[in-house]
Each structure stands twice: as structure tokens, then as C-alpha cells.
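For reference, chains read A, B, C, D, E, F, G and H in written order, and residue numbers begin at 1 within each chain.
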Amino acid sequence: MKQRELRRLLEGVRDGSADIDTALERLARLPYEELGFAHLDHHRELRRGYGEAIFCAGKTVAQVVEIAERMVAYGHTNVLATRADEAMLEELASRVPARVHGDAHLAVINPVPSASLGLVCVCSAGTSDIPVAEEAALTAECSGSRVERVYDVGVAGIHRLLAHAELLGSANAVVAVAGMEGALASVIGGLVACPVIAVPTSIGYGASFGGVAALLAMLNSCSPGVSVVNIDNGFGAGYLANVINHMAVEAPPAGS
Amino acid sequence: MKQRELRRLLEGVRDGSADIDTALERLARLPYEELGFAHLDHHRELRRGYGEAIFCAGKTVAQVVEIAERMVAYGHTNVLATRADEAMLEELASRVPARVHGDAHLAVINPVPSASLGLVCVCSAGTSDIPVAEEAALTAECSGSRVERVYDVGVAGIHRLLAHAELLGSANAVVAVAGMEGALASVIGGLVACPVIAVPTSIGYGASFGGVAALLAMLNSCSPGVSVVNIDNGFGAGYLANVINHMAVEAPPAGS
Amino acid sequence: MKQRELRRLLEGVRDGSADIDTALERLARLPYEELGFAHLDHHRELRRGYGEAIFCAGKTVAQVVEIAERMVAYGHTNVLATRADEAMLEELASRVPARVHGDAHLAVINPVPSASLGLVCVCSAGTSDIPVAEEAALTAECSGSRVERVYDVGVAGIHRLLAHAELLGSANAVVAVAGMEGALASVIGGLVACPVIAVPTSIGYGASFGGVAALLAMLNSCSPGVSVVNIDNGFGAGYLANVINHMAVEAPPAGS
Amino acid sequence: MKQRELRRLLEGVRDGSADIDTALERLARLPYEELGFAHLDHHRELRRGYGEAIFCAGKTVAQVVEIAERMVAYGHTNVLATRADEAMLEELASRVPARVHGDAHLAVINPVPSASLGLVCVCSAGTSDIPVAEEAALTAECSGSRVERVYDVGVAGIHRLLAHAELLGSANAVVAVAGMEGALASVIGGLVACPVIAVPTSIGYGASFGGVAALLAMLNSCSPGVSVVNIDNGFGAGYLANVINHMAVEAPPAGS
Amino acid sequence: MKQRELRRLLEGVRDGSADIDTALERLARLPYEELGFAHLDHHRELRRGYGEAIFCAGKTVAQVVEIAERMVAYGHTNVLATRADEAMLEELASRVPARVHGDAHLAVINPVPSASLGLVCVCSAGTSDIPVAEEAALTAECSGSRVERVYDVGVAGIHRLLAHAELLGSANAVVAVAGMEGALASVIGGLVACPVIAVPTSIGYGASFGGVAALLAMLNSCSPGVSVVNIDNGFGAGYLANVINHMAVEAPPAGS
Amino acid sequence: MKQRELRRLLEGVRDGSADIDTALERLARLPYEELGFAHLDHHRELRRGYGEAIFCAGKTVAQVVEIAERMVAYGHTNVLATRADEAMLEELASRVPARVHGDAHLAVINPVPSASLGLVCVCSAGTSDIPVAEEAALTAECSGSRVERVYDVGVAGIHRLLAHAELLGSANAVVAVAGMEGALASVIGGLVACPVIAVPTSIGYGASFGGVAALLAMLNSCSPGVSVVNIDNGFGAGYLANVINHMAVEAPPAGS
Amino acid sequence: MKQRELRRLLEGVRDGSADIDTALERLARLPYEELGFAHLDHHRELRRGYGEAIFCAGKTVAQVVEIAERMVAYGHTNVLATRADEAMLEELASRVPARVHGDAHLAVINPVPSASLGLVCVCSAGTSDIPVAEEAALTAECSGSRVERVYDVGVAGIHRLLAHAELLGSANAVVAVAGMEGALASVIGGLVACPVIAVPTSIGYGASFGGVAALLAMLNSCSPGVSVVNIDNGFGAGYLANVINHMAVEAPPAGS
Amino acid sequence: MKQRELRRLLEGVRDGSADIDTALERLARLPYEELGFAHLDHHRELRRGYGEAIFCAGKTVAQVVEIAERMVAYGHTNVLATRADEAMLEELASRVPARVHGDAHLAVINPVPSASLGLVCVCSAGTSDIPVAEEAALTAECSGSRVERVYDVGVAGIHRLLAHAELLGSANAVVAVAGMEGALASVIGGLVACPVIAVPTSIGYGASFGGVAALLAMLNSCSPGVSVVNIDNGFGAGYLANVINHMAVEAPPAGS
């Protein structure tokens, strides 16, 4: 549509029906996005194979179902519907092809087998952190990463974590999910050379302040290579881990 | 003095020069502390051999020197003058017998050899935490505890800490001093069975908020047996570690 | 299993089927915990007689029951199930042998008479703090400590507390449980020579900010010998008080 | 001046030179304060004998001196210049009649003997709180109250405070000045029946957060009868204590 | 009881059956409170006519009813049961003589006509603040103060407040109840000479943070004579206003 | 009424039945508001055509209905009832003429066609911000502004926003509604020359802290021309945008 | 330059030397800004007569002088250099034509008489707030607004403010500058119908927390029409007030 | 050393001089780190070519120089000394071979030409953010990454940023450095597909709270692919960007 407009303008310049000053003026006023097809293509290409996502919290069941149906109609696969409660997941599953992961509060819509490239490790400090960890793990898996889960390896029993040092050392990205004092990210950051994506969780009580204690601990990590996403943001961590993992396993174009 | 008053009152009752109702009335009004010699004695006994302390921050050099001189005059030994700057320490050393520990910003006034009982381990996460750690270590030492220092064993290189697991395991109390993400306390808490006294330090920058990140992490420690003192409060931690250590090494009275 | 692997490796070295460099290499890569049997034994020994605990908050009834059943099957006794709601306590009691303490929101699973050594005093400022105080008291009792409760002795009526000064003075550890302004810990800290473990509670309203006011007051206690655990963490305080109490009543090994 | 205008308007109405609608209109538009002589008089009367004050922080020496000179010229006595540094106090003293209290960072300008009615007790928890306490005490004294100082009676040694219970019990208002954990206000609030004005101070370190810990503790005081002013606001507390003290000692007009 | 013990001790001293050193020893150990009859009497006298209160929040209906019944049995009158929900108020009213004030979430138990001395003004900024304001007003009324209510006079329409300036000016204490920006206290503080007790309320949304905005505003009031109680603490403000009001209307003993 | 009193006073002065000093005295005591008719008139005039509003949160259905009925009876039109839940909106619609906007949680009571002057643009970052955005948009519309909605143009896809740059550039005021990181306001502030009113919303999770993250971002906007209202305060933003819009489209009186 | 490129491209299309598809492709890739001359012009036009500004804080004297010299070279007039310390202002004045306002920490570079249209009122609560208020006032003046200053009218003496009600009522925008409790904005918001731009200042102590108390109060203003800028942001407020003032005084183009 | 011990143990096993059970026992007790040579080697290999760093803040000049001299002696190259003040940088440069970057407060010790692989883009919102941005850029450069700087592209002038969209789109990692409202990270996150590492800076004033506003905005970024490091942590961001960049440009081992 917009391209057509633009084409017509250029045709007018070629034909002489539009003078150059007028064309300059109009071009200056055309919004960028409407010219932006190449950019969009580029984005689409970059994201190929990555999990699309519907953030369900704060949406009605009807809205989520409608979005899901439209995405299925467009042929999107492995679409994540995150932060959905049980009722929403049930309704989704009855309306579109979906694989439900109740423990992670999400569904994979139009699920297809995805690639399983490289390695992303998702670690959790406690069992209560598993829902957030699963959100991260499933996001990375649906986006084409091989994922290994290392759960319940909090630093109060450091040996549990060290038992997995070799596995962690072979990952291209590690997601460290922890509430309470959030020390897991620092300890892992000291064990591995790849990027560690820390996810503070709201698990805890009293002076955990809904995840603030873990968040601050992770931001202050004394291990370089650790970066942090928002409290409980398993999706963001899984998304980023997958991007890094793909960068590591895909041969770069020559000369990059 | 106050005892004398009280004794005179009782003598008056015995002699009949004071009637019982008047005595009752006066006793009800006598402030508790003025009766409190037993309590004071008891306290003094409990504290025997422990380091007395002068908190110097916010006091003038003149005030600190005067207090120190008076304590020396009373025969107190191993009196700690904590949080003193260099000028104050110099002046102190020129006026009273004192052993100066510039790195810990303190002096031991009227120093005498103290006992070296049991074992207190003082650990620090980084080299910048050492001034606070030394305050803890010297406090415990001056109060009669044997102290082992395990410095620069932050969790980013967990192997450094694990190398000292056996030593830590033989302590009666461990002081864990850490700034930044404060994870050290949790990891130690998972390694030892004795009480761990966590000291958050104000070391760090940005979102460490002057020690708040470490403080919150320590309060949320997933390891039982960890308790926390105020930010940078090395004295408090050393004091408490020494109390616990003495409880462990002193044979309790029969029947306790 | 892991010991078996290790034994096989050493046998290979002895037999000459594995050369030393290869063995060195493999040993360097074996995770620590998998070697860690001695450590585990040591821990178990240290914890002997102490209350094990299941933190029920955030777990389903089914999960808690399953853990409880497994612990009963393994022969654990006096296992604490803390932070359980009424329904969970009822279900637990109908499935495993359990003594329910509804006021403290906990159950003692597989209850057996425990030792009653030394003395731990648990004080609360108000009646609303009693659930947290009971969590502390029962934890210490199940772990083998004699416990005296001194409840509703907030500093607004300081005489109530002073009436118990003698009892407090004979304890090996005092747990001070208080919400609102949390001043109880400081006042007790000034009365006794043993460690005081302060537990801020979320009791209060307005500017108590769910226990923050009490937490800050306790961290800033002007009495040495006071340390603090997380808001409402009665279990942690009772656990620590019991550890200290046992250290005080158990004769140390010679030469410690 | 403004009264003169108003009088002229009314005279115009009386004389017929101004019609009533115009007068109504003008009256509706005359700003309230310009009518406000009675109010001002009333205020002045109420405040008679109370200390006027110049808040010096954030003002230049020149500004403070000018204000002081003008107030002296108007005949004001016992004017407090608070929060002045040493240089400012010196300059003030060289320019206007003034009694300097360096420890309280204030000067009393044009000092005259003031009344010494009733009783205000000013208590401080520690010696570091004395500058704020002195600001309160001198404010009340300059305003005509008898003031008793009870300093260094922090709750870590509760007996020191109880020794003064009788004195406190005879006051019409108590000012409780404390930093750190701020427990002093609650304990005093439990001892006396008169209003307690709590002043948190910025004295402390670490998690005292510049007085926030004491402020929160005081706001959450479990003793009724305690109210709070801003951190370090000795002037405000002394002002209020004096107002209450005067209300108590002055016989009310009949029928009030 | 305790007096009896003490009397017996003194009689022993008089009779010679107890020697003075033993008596001294025992006196030093007798808890203060148990001697404290005079103090208690004194307190009771000071509180004569004041409203006793039961803080119902966090108590069960059964507990509140039991306390209420006991207080009625002891003959207490005008006992306030504050922060009670509807069900609790209903149950109370069916079990003890009580006057229920649903809007203030409280009941007056064993209500009798109280004195109506002096004047306390209770102002509220908005209609939503009225429950807290009523708690203050009823507390003062039950304690013997005459109370005038000036509601919905927030500073957005300053004329509404100024219309009551004369009434406010004749009060012995003003309670200023406001949420949102809490400016009411400062404006009133500028209008009156008597103490202003500011009560921040949790009314508001967004950046009011449950009353923090109003609390901070009130603590920073630029009007001297303003002090602050905890968020939503209507009872505390009413209690304090009544104390001040009584001090103003009661002729002091000669020479005070 | 009040005017009548005042008129009578002036008539008394004119007639000589009131002397000038008495009149002065009375005038000084008359509360300002009671003189304030001109002010009130002026206000009413200024507000002519603007939406009146009932803030329903914290009011009962009965209270809201009664207020609505009275405003209808007085002939007010386009009265906004904001922050009403579904039940309240239903009840309102059944009792007074009302147009319900469930998505914005509000109703327009006694709706009449309003003017549609100038241009206010209301932008939202996400779909979850739409309820707040609609509150702003409907407020401005009911007050006589033409409103264009530009929703779901968050900065994560900056092209979506730039596509509307021309529309935004023609507005007299832009309302920027955003939760999460709140960056929308800064970006718009860089695109337009008119005032931008930023509304942080409580949309988000974790470290959004109920809108604090967006609020701080907006306050720190690097674009001049941006100002901020309270979190979720769509009404306030719409009200202010309408005022500015009317100032822009209404020809000022000569000489202003 | 960029326009030249674009022109050449269009000329190529006209000449047939560039085909349309290639042109489309290139246009899609040309960054928006490089096309953005119209936008820039438009902006420049909108800003005509407004004060440009150099934010000096965090820049070196050399940097500020260089920027100033370049702006003078380009012929900019009335350029504000804000937040400059004394040394910087002196240096500036010695290098470029400048009018220095030391009290507001700013200089007007290349000063020329500006228009004095409409009316902006700048109010301050206290004398300490004047530097921020002057930054606002001078910004608006340099941008072509007539400015009236109403200083030291804090709400503690509400009559001082009310005396200026008429002046405030005739402004097109009011800037309310206040620290401490920040109540000034709400009171003014209740007096005027035009937009009120609230500027919290960092003036205060203790619980003012560097302006947070005033900021929160202003965000929670119960008066509609009030919006807020960052703490101490006098420039932002003056800029915005001037924009609104110009919108009010400039006749809009027909049909807007 | 430790390897030697271990080797001797294994030789004992081979020789039969040590039996397997004793060896098992000893191995279980050997601290992990002392076995950890392979791990260290592995780490060293992974880090090859990466910049080592000395965090200078909180260290004395003497300490920093000594560390630097030792690292030079060991042959380390491109060692970063970060957060050094001018005096420290001067002293360093006079003692070891060093390239000083005063603007970034760092020196590169023993500088050698490093690889310049892949592409890392470092963007800053304002000129004041450049020191932190340079710390990031130099860290990545010294570690072997090609770095492009895109400075002063804050979102208030979004066109400046969009002009660099193509460059950003070709990076393997983007570091987004911003203070104030921190919106830059979100906007970039919406433009690129590679990981964005957000660095909040302490640049700003008022409600920026030393970087908290930017930190929160970045954590709440609505763009997936954004993660955050501590305030002002340029080193951490540069380190992580380089790791990711190297993962992207280095061909992975087959089968990974």
C-alpha cells in the first residue's frame, strides 16, 4: 500500500508530473515505518525459528484465544502463550492446537518439532523457582535450542551445583533462576565462560521484597559475564539465551 | 553509694527508726538500677576478658583520648577504639599505651596478651572488605578467641572458599564479611554446622546501595544458621562470635 | 555409585590399566559433591537430633504429604512442617503421625520425646507475634533444647520484661520476636550476656511496612550481641538458638 | 496600612461616596491576609514569650546577619538562630547581642532571662544525639519552659533510664531524641502519661539510613501518647513541647 | 501479693530474722514491676476517664469478645474496640453492652456518658479519610474531650478550611487527617497556635504508596507545632489530642 | 446568603447603625470563603463545558448513585464517574442517564454532545495501558476536546510511533500513557513541540513496582516539555490536556 | 548535504538514470533523520524565540565555553547556560556576551530583549527555593513570556499566598516551586484554572530525602490541573510554562 | 604443588604403598580447587585474548602499581586498570608500559595490538554517559572485538539513533549506555536482533536517584533481548559483549 504510494510519487518524478522540490517535501513527511519493508523483512528473517509469544497476563481469555487463532491461521508455529492461568490454558487447548505446560503457566500453540541446536543450561536454586525456570527452558526449546535443566542447586548446598560443572561448562548460555538471596548467578558466573543470564524470582518472604533482594544480588554479581533480566522474566531470559546460543552454533557469514 | 543508702534504709527498719510502710514506699520509688549491683557484677563477670570498646566515629579526638585515659586509669586492658581515623589513632598512641591497627581503623588500648581459646573464622569476600573483617577479627582476638582469617574467598571463584572447608568446619563461629552481592554467607552457611554471623559491607557501587544489596541477600540466606548484623558492623560480629566461641569452649556448670 | 566409579578408577591405577596422567585428568573433572560422602556424613552427624524441616509455603498439599511420608519412611523423627495452612495440617495429620500446632502454623511429624537441654528463652513483644515466636520455640524444642516462653513483654510496659530478667539471664540464647518498632531486641540485649537472635515480624500497620521498621531497628540495635534473621523467620531463629544452646551445654572435645 | 485602606472604604460607604455593590465587590477581592490584623494579633499574643527562630541552613552569613539585625531592631528577644555553622555563629556574635551554643549549632539573639515554667524533659539515647537534644532544650528554655536534660539513657542499658522515672513522670512533655534503633521513645512512652515528642536523629551507620530506622521505629511505637517530628528536628520538638507545657501550666480561661 | 512478700521481708529485717546482707541481695533481685504498685496507681490515676482500647486487627472474634467481657466484668467503661470488621462488631454487640460505630470500624464497650471538656478539632481532607478521622474523634470523646469534626476540607479548596479558622483557633489540639498529598496538616499548622497532630492515611493511589506520600509531607511540615503519628493511626492521634486537651483544661497543682 | 449578611453590614455602616471599628472587626473575622462568591463564579465560568467527575473508588454504589442523581438533578451534563467497577456501572446506568465505557471503568452521566475543538492526542505504549488511556481520552472528549487515539505504539517498535508523527505534530497536547519502562513520553517529547503529559501506569511486573519504574523514567525525561501526573491518573492527564487545548484554540482577550 | 543526495536521487529518477525500484530500495534504507530537514525546520519554527539551553552540570568549563561560542557564532540569542557554578559563569562572561544570574546559577548568552507576552507566574514556597524558581522564571522570560514572581508564599502562612490570588488567576501557567512538604502546588491548583507545573526542590532535611517528600506530595495533588517535573528542574518547568503561555496568547490558525 | 601431592597419592596407589580406601578417603577431603588445574587451564583458554582487569576504586596507588607490575612481569598484555583517578593513572604510566584513557578513567597496561573481530556497537544516550561507554568500548576492544561507537543518540531526538540503524543491525552485540530515563536500551532492543546489554549510568539529578530510574527502566524493557548490568558497570558490559561477539564469529566445534 505505502510502497504503492511511494512508487507513484517516484513515477510522478520520472514522468515530470511531480517536481523535485515537492517530492523532497513529501518524502520528508512520509513516516519511516511505512517505508520500512526491508527492515521488517530483515527482522522476520532474523527471528526465523524463534518462538513468538503472547503475554497473557492482563488479557482476557477471549483476547488470548483470538490472537492465538489468528496466529494459527497465519501459520505461526511454536507460539508461546506465557503467564496464562489454568482456565486460560484449558480454553486455549480446546480452541487451537496446543501443548500445555501447566507448571510453567504456558502453552505452546501449533507445536511442531523444533531444532535442538547447541546447548542452553537452565538452572534453578529451589523447587519453587521451577515455574520461572520452565518458562525460560521452554522458550529456548521452542526457539530451536537444546536445553538441559539443572534444578534445585541453590548455594546452601554448593556441592549439588558443582556436580554439574562439566555440563554447565559446555553450554553456550546459562540461565540462572533464583529467588531469596539470588547467589546462584554469581557462583555459576565463576564456573563458566559463557554468558550467564540471571533471573531473579519473587520467591521468598520477609526482606526478599518480592524479588528485590535477588535482583540486587544479581546486579552486584562479582562475576563478570553475568547480566540480569526483570524479576520472574523467564521468557526474556530464555529468549536471550536462545539468541546467544544460535549465534554460537551458526557459522557466521564470511568477513563478519 | 546507692547500696549504702539502701543499707541505711534496711538498718533503719531493723532499728525501728523507719517503719515498714515508709520503707515499702521508698523501695517502690528507688530506681532499679541503683539497686542493680548484682546485675552489674554479673555483667562484669560475664564480660571478663572481653574487649571493651570505644566507638570513635562522631567523637572528637579530645573526647576519645579522655575516655581512653580514664579506662587505662581504671586498669582496663585490651580496650578497642574502633572507627578511628589516622589522626585520632596517632594521637591516641601518643597518649596511652596502644597497639594501632590502621587497616582496621582501630587501636587496642592497654594491650595485654589475651587468651586464644576455641576457634573463630573470619572470612571476607574481597580485599576491600578486609577493614571490616579485621575489625571483627581483632575484636574476637582481644576478647580471648583464637581467630583464623580466610580472606578474598568470594563466590565468583568458589574453589578458593572450598579449599578452606575443613578449617571452617572446625570453627565454633564463622564471621562472613561481604559487600556486593553478599553471597558468601549463604555458601558458608551450607558448609558448616556452627553459627555464621554475616556482616554486609558498604563495598560496591551502583545498585549495591551502600551495602543494602548484601544486607538483603544475607537476610534471605537459604542456609539456616545464618544471622546478620548491621552494615560494616565488624565489631558487633566479632563480639558475638567471641561470645558463642566462649560458650562452646567453656564447660557449662553442672545441671545446666 | 559415584564412589564406585572412583574406586574403579583407583583400581585401574593400581592395576596399571589407567595411567596417572589420565587419572589426574579425570579426577580434576569429577564434581566435588560426588566425592563428598564424608562431608555428608559429617553434616548428618552434626545435625543429629536437630529438627529437620519442610517449608510448606508454596508447596501443594500433595507435595508436602509426599515429602512427609518419605521422611517418615526413612525414620526421621520430629520433622517440622512449617508455614502450613489449616487444610494442609489436617491432611498431614491424617496421613502421617503428626502433632499439629495450629497457632504456629506447623506440625511435628513423627514426634518423639526430644532432649530438653540447656535453656533457650523465646520472648515476644505482643500477642500477635506469638505465631512466629511459637515457630521458633517449637523448632528449638524439637531439636533438643529446653525452651521458656516469655510472651507479651513489649517495651511499652518495660516492667513486664524486667520481671523476667533473672530467667533471661540464665538462658544460653534468647530469641526476641517483635513487630512494630522492634525495640524488644535492644532492651533484652542490654539485659543479658548470651547471644540474642532478633526476629522482626510483619505485625504492624502503616509505616511498619510489613516488618521493615522492626528489621531496621533490630539491625541498628545499640546492644552488642544482637543479630537478626529475616522477617517472620521463626524457624531460622529457633534453629540458630538451638545450635548455640547445644554448643553451650555440650562439653567440647579436649584441646578445642 | 491595609487597615487604613479598609477603613477608608468603610468611611466611603458611611459617607455615601462609595455604593454598597462596589464595596461588596472590593471586599470580595481583598486578599484575606490584608484583612488579617486580628489574626496576626492573636497569633502574636499566643506566641508571646516563645522563641522566634531563624533557620540558618541554606542561608548566607550576610542574610542571617541582616535578618538578625532587623529582629533586634524590632525588639525581638531570645530569637533562635538554628543550624548555624561555627563561622556564622562567630559573625553573628560580633554583630548582634547573642549567646552562642556551639554544641547545638545555634545562637540566642538578644538574650533576656526567660520564664522557667512547668517542666519539659529532654532525653537523648546517646552522646552523639546531644546536639539535636540541645536544640530542643534551648528552644523550649528560650520560650519560657523549665527544662531538665536526661542524656545518654539509651535502651541498651535500660536501668539508666529507669533511674530517672520519677523526674520524667513529673514533666508536662518529654522530648525523646534517639538515632540508631530509636527505641527510647517507646520505652519512655510506656513510663509517662504526658505527651512524648520523638525526634529521630541521623546518628548511626549502615542500615540506619540517615535516621530512617529511628523514624520508622518511632512512628510504630507501641506506646500511645508518642508523636514524631522530622529527623534531627530538635527545634520543632522543643517548640511543640513548650506549647504543651504552657497549656498545662496556664490556667485556662473560665468555661473553656 | 508481691507487696506482701516485700512486707514480709522488711518485717524479717525488723524482727532480726533476716540479716541485712541477705535482704539487700533479695531486693536487688526482685523485679521492678513487682514493686511497682505506686507506679501503677499513678498510671491509673493519670488515665482516669481515658478510653481503654482493644486493638482488634489480628485477633479472633473469640479473643476480642473474651477480652471485652473481662473488661466489662472489671467495670471498665467506654472501652474502645478499634479496627474491628463488621462481623466482629456484630458479635461484640450481641455479647456485651456496646455502641457500634461501623463507619469508624469500632465499638464503645460499656458506654457511659463521658465528660466533654475543652475542645479537640478533628479535620479530614476528604470523605475517604473519615473512618480514620472518626476513630480519632471517638477516641477523644470517649476519653472526656469535647470534639468538633471539620471534614472534607482538603487544600484543593482552601476556602472550605478557612471558613472554619475561628473554630480551629479555639481548640486545644487539632487532629489533621489526610491521605494523598497530606498538605492539610501544614496549612492548619499555619492557622492555629495549639499542637496539631497529623495522621497520614493510606487513602490514595499510585505514588501515594499506601500513605507514604502523606506521611513524608507531614514530617516535612514547614509549620512548627505539627507532629505525626503512624499511617491510619486515628486512635493514637485521638488519644494524644485528649491528653493535651486535658492538660489545657485542668488547673495544674500549685507550684507545678 | 453570606452576601446578604455582608450587604447588611455595609448597609449598617452606611446607615450609621454600625460603627466602622465594629465593622472592621467583623470583616476581619468573616471567613474568606463566605466572601468568595466572585471567586466561585469565576471558577465556574472557567470550568464551563469541562467534565465534572466523581471518583468512585472507595465509595459505595449507594453513595455514587446518590451523587450522580443529585448532579443530574442540578442539570450537570457529561459528568464522569471514574474508577467504577462493573457492578457500579450497571447500577448507575439503571438509575441515571449514562453512557458506560466498561473498558475505561467509567460512565458519562447525563451525556450530551460536546464540542470537539482543537486536538488532543492520547498515545498508549501497550494494549494493557488502554484503560488508563481511555480514561484520559474520554475526560478530554467530555470536556470539549477533539481526541485522537494512538494506541499500542511502545518504543520496542519505534516505527509504529513514527508513522503517526504528523498527527502528533498537529496536536495541542499529547497524553503519553505507558507502564513498564515508560520510555514513550521521552520519545514523543522529542517529536512534538506541544506539551506532553506523561501518565505512568501500574502495568508491568517485577521491578516495575506498580508503576514506579515508568514514573521515574518519565520524571527523568531528557525531552523538555514533558510533565508527569500520578500513576494511572488518566483523568488528571485528560483534564490537563483539555485545559491546554482550550487555551490554544480560544482567542485570548485583547491585551492579555 | 543529505538533501543534496536525496535531490540527486530524485533527479536521477527524473532523468531516467535511476530506475524506480532502485530508488525505492534506497529510500527505504536512508535513515529518517537524514531526510528530516522539514521536521527540523518545523521544530525550529515552533521554537522560534524560545530559549535554547546548555545544561552545564557535568561539563567542563572548556566544553561549555566552546558550545557557547559556537552558538553565538551561529547567531543564537538568549541562550541559557543552566546549572553553572560561579567559576564557569565568570569564564563564560569573559568569553562571550552574557548576562549572569548568579542566584539562579545560570547565564543568558547573547542576551537580547525578548517579547514579554501573556503571563507566567512563578511561585516559591520558601526563600531557599528561589534559585530553582529563578531558573524557571528566567527560562520563561528568555523564551518570550512575561513573568511575575511570587516568592516565599509557603502554606504555613496561607494568607501570604491568598493575597496574590488575583494575580495567579490571571496567569496562563503557574510554576509552583517547593521543597519540604510541597503543599504549595495543591493549594495553588485549587485557586487557579490554568495549568500548574509543580517543581519539587531538594530543599529540606531529614525525611525530605532530597526532594522525594515534595515530589510525592505533588504527584498526589488532589487538585486537577497539576503536573510535575523532576526535582529541581526549574528549566523544564519554565520551558513548559512558556510553551503553554504562548499557546494561550497566540491566535491559532483558522480551523485548528 | 597440589598436583604433585595428588600425583604422589596416585603413584602410591599404583605402587601399592597406598590402599584404595585410604586414597578414596583422602580424595574426598582434598579441596576441589586444589584439584582444579584443568579447570583453570580451561578458563585461561576461554579467556585468551580477553582483557584482564584491575578494579582500582578502593585500592591505593601503591597496591594498584604493585599488581600492575606483577602482571607485566607475568607477561599479561592489554590489562585494564579501571576506575582509576588521574593521579593513579599518571603514577601507573610512569611505572609500567601503559596507554592512558583519562576520559574513561582507565589505563591499558602492557598494550599490544589486539584482534578486531566481529562487531560490538557501544551507544550512549548523552555526552555525560561517555566515560562509562568508553569503559565498555575499551574493554571489548582490548579483548579482541571490533567496536563502533555511536554516542549522544538519546531518545529525545530519535532520528539521531535511527540514522545508525544499519550499523546497529550488523553488530553481534550492542551495549546501550544511558542515565536519566534509560529509554535507549528499549528503543535499540526494538531495532536489532542481537543481544543488547544495557548499562544504566548514575548521570542525572533529582528523581534519577543515582541511576535507579535508568536501571528500573532497563529491567522493564518491553523489548526482548535486553539484559542489564549494574549501574555504571561499563567494564561488565564490555566484557559480556565481547564474549558474545566472539561466540558469534568463532566457528563452533563440529557437533556442538
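Observations, loosely collected:
Operating definition for what follows: a residue touches a chain if its C-beta (ideal position, glycine included) is under 8 Å from a C-beta of that chain, and two chains touch if they have at least 3 such contacts.
Source: prediction; values computed, not measured.
Traced through touching neighbours, the fewest hops from chain B to chain G number 2. Between the two copies, chain C and chain E, the Cα superposition rotates by 90°, quoted to the nearest 5. Two copies of one chain, chain B and chain D, touch each other, and the residues they use overlap weakly: the shared fraction of interface numbers falls below half. Against reference pair D-F, the listed pairs C-E, F-G or C-H yield one interface repeat, C-H (criterion: more than half of contact pairs the same by residue number). Seen from the Cα centre of chain B, the chain whose own Cα centre is farthest off is F. Separating the centre of chain A from that of chain H, both taken as means of CA atoms, is a distance of 24 Å. The mean-CA centres of chain A and chain G are about 40 angstrom from one another, to the nearest whole unit. Inter-chain spacing, taken between the CA centroids of chain C and chain D, is 49 Å. Each of residues 29, 32, 36, 39, 157, 162, 165, 206-208, 212, 215, 219-221, 230-231 in chain A touches at least two other chains.
Touching chain pairs in this entry, ordered by label, are A-B, A-C, A-F, A-G, A-H, B-C, B-D, B-E, B-H, C-D, C-E, C-H, D-E, D-F, D-G, E-F, E-G, F-G, F-H, G-H.
Remark: chain A residues 127-128, 157, 159-160, 162-166, 203, 205-208 touch chain C in the complex. Considering their complex, residues 32, 39, 42-43, 46-47, 53, 118-119, 162, 165, 169, 172, 193-195, 197, 215, 219-221, 224-231, 235-237, 239-240, 243-244, 247-249, 251-252, 256 of chain D touch chain E. Residues of chain F that touch chain D in their complex: 3, 6-7, 10-11, 13-14, 16, 20, 23-25, 27-29, 32, 35-39. Touching chain G in their complex are the following residues of chain E: 125-126, 154-158, 162, 180-183, 186-187, 189-191, 204, 206-209, 212-214, 216-223. Across the complex, chain D meets chain G through its residues 29, 31-34, 36, 39, 57-59, 200, 202, 210-212, 215, 230-233.
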